[in-house]
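These notes open a run of structures that come right after.
Both complexes shown next keep chain A, but they swap its partner, so chain B is in the first and chain C is in the second.
Coming up: the complex of A and B.
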């Protein structure tokens, strides 16, 4: 059914080849029953743009993160990167650590997602001086 | 009566915690109980939830001088913060870590224990009923009565085609 919707919809999805069932992909995909389907890349870039706003305020960061965590997906490293940089602009280290905890929880039973994210974010973490929850020891009781 | 009430109210206010809603005034008059702190739910509240990583307000609003200076240090490079300072900053903004939120509560032990307790209590009630409530055992349960009943059913030829008496061999006097 999803493939039929993709073929019927117009601009933006021409030539799109779905090689995997998007509804079951764990990273950054969404399912609609009607209307234009947003691709994974569009979704990611939308969120990266959101967090990249230079004068983002604390409320927008909180709202964005809470909404993002509400989705049934684990955010891509580039979204988290711009969110962490937003925390830096807001001088909020605690929120940065909280974001890392939250995405680890979002991965649920898939234990290989979080190490991948940390590996991808390592340059940003060292650049900004953010310690992971594991380094601080708060991932244990 | 009104004056007496007002005097009582002012003395109670000196002893009890701050009262926000008017109805607790009447409660105090009649119950003379302590009223717990009311929470102003029209303002942003803090919550520890797995699906809300960044609550509406930080856990600690009112900071000591040392905490204020730490917050100032947070405005600089974070690599200059020590491990303990980072943990302190985290604890200022948040009450529980994700690990603490997800900690197993052991509630299941209370549930199972409660189940066993009430099943046991029910067993005691049933036992008491068996002793004090049940009428005497009917004589129709006695083996002798049952034998006489069985013989009568066979004599009456109960269900002789396919049922009861059909299974009895009348010539040999035994079950088929």
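Coming up: the complex of A and C.
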């Protein structure tokens, strides 16, 4: 997304800002006219696969999460499910709860996203025994 | 009651698409307003002051007022 911001701010003239090409394929796609733009489904399955690696290590988990949080999107429940299972494989409850905090923060002012995610992830959270930050009382300052 | 799926992608892009043009235009308006509200009147004030400025007359007035050390008030 910074790419778009840089383009807009170095446009120089306001006219360019108004009439910029409608490159509204967001998230990780680079806005070039050549080459295939990855679809949302391809993006999601790529990340589900990343976290599904059976012998994923702690570094890869952290790196994956940090990269994922850098995108202009809130991760889909299926990506988060895969990430939480990776935390389970690594015996990392702290990271699992941190992931929930991170996606809540990622949603920003859009307060309807986090409850939806928890709703979708409830079976996984119950199965893996992961408490939400709200249940632990650590969601308030 | 299960929640419907909200929009989860491109939220920042949407926000910037709305706010960036406003930000840029406000910045430009501020710059233009400053130029025409402050710098142009200031430049005009200086230009008007110096249009019919007689430096010799002003110097003599200052001289008579006795503020200089290099020249004394004229002996009259």
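One rule holds for everything that comes next: the second predicted complex is superposed on the first by the 107 of 141 C-alpha atoms of A that agree within 3 Å, B and C clash if a C-alpha of one lies under 4 Å from a C-alpha of the other, contacts with A are read in each partner's own complex, and residues count from 1 in each chain.
Here is the rule we go by: a contact is a pair of C-beta atoms (placed from the backbone, for glycine too) under 8 Å apart; a residue touches a chain by one contact, two chains touch by 3 or more.
Computed from a prediction, not measured in an experiment: that's the story for all the values here.
> After lining up the shared chain so the two structures overlap, which partner does A:73 touch, if you call chain B first and chain C second: first, second, both or neither?
In the superposed model, A:73 contacts chain C only, not chain B.
> So, does A:141 touch the first partner chain B, the second partner chain C, both, or neither?
first
> Which partner does A:133 contact after superposing on A: first (chain B), second (chain C), both, neither?
first
> If you stack the two complexes on chain A, which partner ends up touching A:105: first (chain B), second (chain C), both, or neither?
first
> Once chain A of both complexes is superposed, is A:119 in touch with chain B (first), chain C (second), both, or neither?
Only chain C; A:119 stays clear of chain B.
> Check whether A:34 is in contact with chain B, with chain C, with both or with neither, and answer first, second, both or neither.
neither
> Can you list the residues on chain B that touch chain A in the complex?
Counting only chain B, the residues touching chain A are 50-56, 58, 74-75, 77-81, 83, 86-87, 89-90, 92-94, 97-100, 102-103.
> With touch defined as at the start, can you tell me which chain A residues reach chain B in the complex?
Of all residues in chain A, those touching chain B are 61-62, 65-66, 69-70, 88, 91-95, 97-99, 101-102, 104-105, 128-131, 133, 135-141.
> In their shared complex, at which residues does chain C touch chain A?
On the chain C side, the touching residues are 2-13, 16-17, 20-21, 24-25, 28.
> Give every residue of chain A touching chain C within the complex, in rising order.
Touch list, chain A to chain C: 1, 4-5, 8-9, 14, 17-18, 24, 26-27, 40, 72-76, 107-108, 110, 112-113, 115-116, 119.
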